[in-house]
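Some structures are shown below for you to check.
You will see two complexes here that share chain A, one where it goes with chain B and one where it goes with chain C.
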Partner chain A sequence: MLLSELFLPVLMVMFMLTVGAYVVAVLDRLIAGAFGAPQAGRVWLAPMARGAWLMTQHANATEAPDWQAWRLAPALYLALAAIGLAVVPWSESLVATDLVTSVVLWGSVEALATVVIFLHGWSANALLALIGGYRYVALGLSYILISMFVLIGVALPAESLQFTQVVASQEALWNVIRQPLGLPLFLIVGLGMTFWGPLNLADSKDLAGGTASEISGPPRLVWDVARAAMLVAFSGVAASAFLGGWMGPWLPGPLWMAIKMLAVLLVLLLLGRVLPRIAPERCVTLMWVVLLPLSFIDLVWAGIGALL
Partner chain B sequence: MELLTLLIVLLLSLGAGLLVQWLPMRHQPIATYPQRAPFLGGGTPDSHAWSRYHVRYYPMTLLLIAFEMEMMFMYPWAVVFVEKGMMAVMEMGMFLAILSVGIVYAWREGVFKWQ
Partner chain C sequence: MNHGIGIDITFLSLATLAVVTGWRVFRTDSMVRASFFLLVSFIAVGVIMILLAAEYLGVAMFFMMAVEMTVMALFMVMFMMNPAGLNPMNMVHQERIAIGAGIVGFLVLGAMALLAAFPDQPVSADLEPVRSLGNEMLGDSMLIFESAGIVLLTTMIGVVVLSSHRGRYGAAAVGSLPPGLEPGGDPAGKLEEDEEEESGGHQHHHHH
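So, the complex of A and B:
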């Protein structure tokens, strides 16, 4: 009992954390290669080579950083990604932690991500990192409402805040068709949460790397892995909330889940490569005035759909 | 049991994140102070970065608190929504409408402009 209820779930999450981050790194390199970016070495080995290189590099330091917070922030972000992965259901029974309130837990992961990313920018005690942190807070506080409304929308037909129930409620029709506004809005949230591509305001190039501008070596490795793992956790949540999770013909459930997660990852990474970064001063207006009312509409749509 | 699993996942991943940083770095000498100057595009810092700073989007964060409180009601509401039917729709509709007036007012006041 201890083995099946404690050891195996933990092992599953840890496995997903490492394999997921590796898959993101490979996919991103493949997409970059398809767009003509020069590749150094093999795509499959390059992430591991970079990881090993970062491990041996000297870690940078600033004059008076908040040491504890500076080392803790990447690890905390990784822990948040792990918790997100723990609530993703792979089949009816194959879930690391099948909490009754897993949607709420994911919501808290999103909220705490803002705190952790700000902590990372703040603790370096450097101007550019701090600006990245402040920018991220503006973005994080703007997208969180959109995410919450969209997720409440998928909880309505399920009559539950449990991801396994949310998936089970999509037996007849997936939420991506039933609530057409949901997935596009949620994908924007995903890009925001991992500050990826067009919503990379925290670690952007115009801030010389933003919150990550002062880190090198092992801390940077943890930070990069945590970001990639968070993207995987997000794609798992998106696949189970909108794409019917483990459901599908012929193939076994976990395999369908993996295919759907890969599809979401591919779309996110492609968007990250294709779209330009939006201006930070515009993103707050865009989120509150355009996207938030759209998420209201999504919620009303979901509510009417659930009652009919 | 599920919460215990979650706690172990949290502790293990946090520990792994710290270990990957600590193990390679424990024998590294710390850089000298000239090397540790924060990157400012070639300039030298006159003060801590943690000096007082006016966050221009501050009113937006206050507006968020109103909505975050609303989310607290919305989670249980989502579970009983189908059971309560139209009553739940009207109640949350009214609540959201009142909050939306707040957004429109904040928009007019330029809260989302961030300048």
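So, the complex of A and C:
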């Protein structure tokens, strides 16, 4: 019982964290290469080499940081990614924790990510890191709200807050077609909460790296791995909520799930490379004035669909 | 009571975590740290609620408290004018009253825990906590919950409107002017051309 309920799920999540973060690093380098960015070393080895290099580097210290929070924040962000991966179902029975309220738990992961990213920027006791942290809080609230409305939309036809039920409710029609606004909005949330590509405003270049501007060595390795793992967890949630999860013809469920997660990851990483970064002030306006009302429309659409 | 020792160990460690972080809230020297210690305490309580089969309420505790504590930390920093909440400050005020209230509260709650007769009504295994909670909140009690929600939202907006009226450099509606470099002196920095206040040594007003 201890083996099947504790050991195997933990092992599964750890495996996903490691492989997922590596896949993100490789895919991102492949996409960058396809766009003509110069490559140093081989694509498959480069992430490992960078990881090993970071491991051997000295961890930077600032003047009087909040040591506990500063060192814990990257690990906590990684832990949140692990919680996210734990609720992603790979088939009807293959899921690390099949909690009845797993959709709400994912919502909590997004909310707690705001806390952790803010703490990461705040605890360094450095100007640019602090601005990055505050920036994320200002934006993170709108990401959480949009995500919440979109996820309530997918929970409605399933009549459940459980991801396995949400997937099962897409037997006839995937949510990406049933609620056309859902997936695009959710992808924007994904880029936001991992501050990736166009929505990288917390760790952006204009802040010399933002919340991560003062970290080096092992903490930076953990932070980078955690961001990549969070992107993987997010693509797993997106694939379950909108793309029918494990469902598909011929192939076994977990394989379909992996294919769909890879597809979502590819789209996110492509968007990250193609779109320019927007200014934080305009991003807040965009979120509250355009995308949040769109998520209301998505929810009303889902509600009408559930009533009919 | 047919639960394993694992549940007991989990409960005891979570309860310890909740109490210790709750104590740290008052011993730390920063508003941001205090807020997030409180968050850890609430999360531990949330997990205990999940152990008690309140699966929705426990998880709801995580995201509600996460957003709440973030907003609280930021608003405290904004209103207390402590740059970024990094300056050390005392988190305890009116210590005598607080100690008295703490002792009374502890005694009352402790007496309740020891002396009250708790009902022994094990719920049936096929009870669906999420569904029954939803039926309760959005069934007969819907009007109460929705009215309470709207009242709370209105209160929050009202409080922000009232308290943000006076900013650091005067009333928000008038416009912000920095304080003078000497008491009662000209505002530091750029001065409006049509400023009517006669103060300081500048007498070269241009009236159009």
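By definition in this document, the second predicted complex is superposed on the first by the 308 of 308 C-alpha atoms of A that agree within 3 Å, B and C clash if a C-alpha of one lies under 4 Å from a C-alpha of the other, contacts with A are read in each partner's own complex, and residues count from 1 in each chain.
We take it that a residue touches a chain if its C-beta (ideal position, glycine included) is under 8 Å from a C-beta of that chain, and two chains touch if they have at least 3 such contacts.
Predicted model only: the values in this text are computed from it and were never measured.
Student: Which touches a greater number of chain A residues, chain B or chain C?
Tutor: B
Student: Examine A:Phe118 and indicate which partner it touches, taking first as chain B and second as chain C; both and neither are also allowed.
Tutor: second
Student: With the two complexes superposed on chain A, say which partner A:Asn60 touches: chain B (first), chain C (second), both, or neither.
Tutor: Only chain B is touched by A:Asn60; chain C is not.
Student: Does chain B (first) or chain C (second) touch A:Leu99, or do both, or does neither?
Tutor: Once the two structures are laid over each other on A, A:Leu99 reaches both partners.
Student: Based on the superposed arrangement, let me know which partner A:Ser108 touches: chain B (first), chain C (second), both, or neither?
Tutor: Second partner only.
Student: Applying the document's definition of touch, where does A:Gly248 land relative to chain B and chain C: first, second, both, or neither?
Tutor: So A:Gly248 meets neither chain B nor chain C here.
Student: Looking at A:Ala79, would you say it contacts chain B, chain C, both, or neither? Reply first, second, both or neither.
Tutor: first
Student: Examine A:Ala208 and indicate which partner it touches, taking first as chain B and second as chain C; both and neither are also allowed.
Tutor: The answer is first: A:Ala208 touches chain B but not chain C.
Student: Counting only touches as set out at the top, which of chain B and chain C does A:Leu17 meet: first, second, both, neither?
Tutor: first
Student: Quick check on the superposed pair: does A:Pro184 touch chain B, chain C, both, or neither? Answer first, second, both or neither.
Tutor: The answer is neither, since A:Pro184 touches no partner chain.
Student: On chain A, what residues does chain B touch that chain C touches as well?
Tutor: Looking at chain A, the two contact sets intersect at 99, 101, 104, 107, 122, 125, 130, 134, 137, 141, 144, 161.
Student: Where on chain C does chain A make contact in their complex?
Tutor: By the definition above, chain C touches chain A via 6, 30, 32-33, 36, 39, 55-56, 59-60, 62-63, 66-67, 69-71, 73-74, 84-86, 128-130.
Student: Can you check the complex and tell me which residues of chain A touch chain B?
Tutor: Residue positions touching the partner: 5-6, 9-10, 13-14, 17, 55-56, 58-64, 71-72, 74-79, 81-83, 86, 96-99, 101, 103-104, 107, 122, 124-130, 134, 137-138, 141-142, 144-145, 148, 152, 155-157, 159-161, 208, 213-214, 217-219, 221-222, 226, 280-281, 284-285, 288-289, 292-293, 296, 300, 303, 306-307.
Student: Quick one: which bits of chain A touch chain C in the complex? Just the residue numbers, please.
Tutor: It comes out as residues 2, 66, 69, 99-101, 104-105, 107-108, 110-112, 114-115, 118-119, 122, 125, 130, 134, 137, 140-141, 144, 161.
Student: Quick one: in the complex, what on chain B touches chain A?
Tutor: Spelled out, the residues of chain B in touch with chain A are 1-6, 8-10, 12-18, 20-25, 28, 30-31, 33, 35-41, 45, 48-50, 53, 55, 57, 60-61, 64, 67, 71, 74-75, 78-83, 85-86, 89, 93, 96, 100, 103, 106-107, 112-115.
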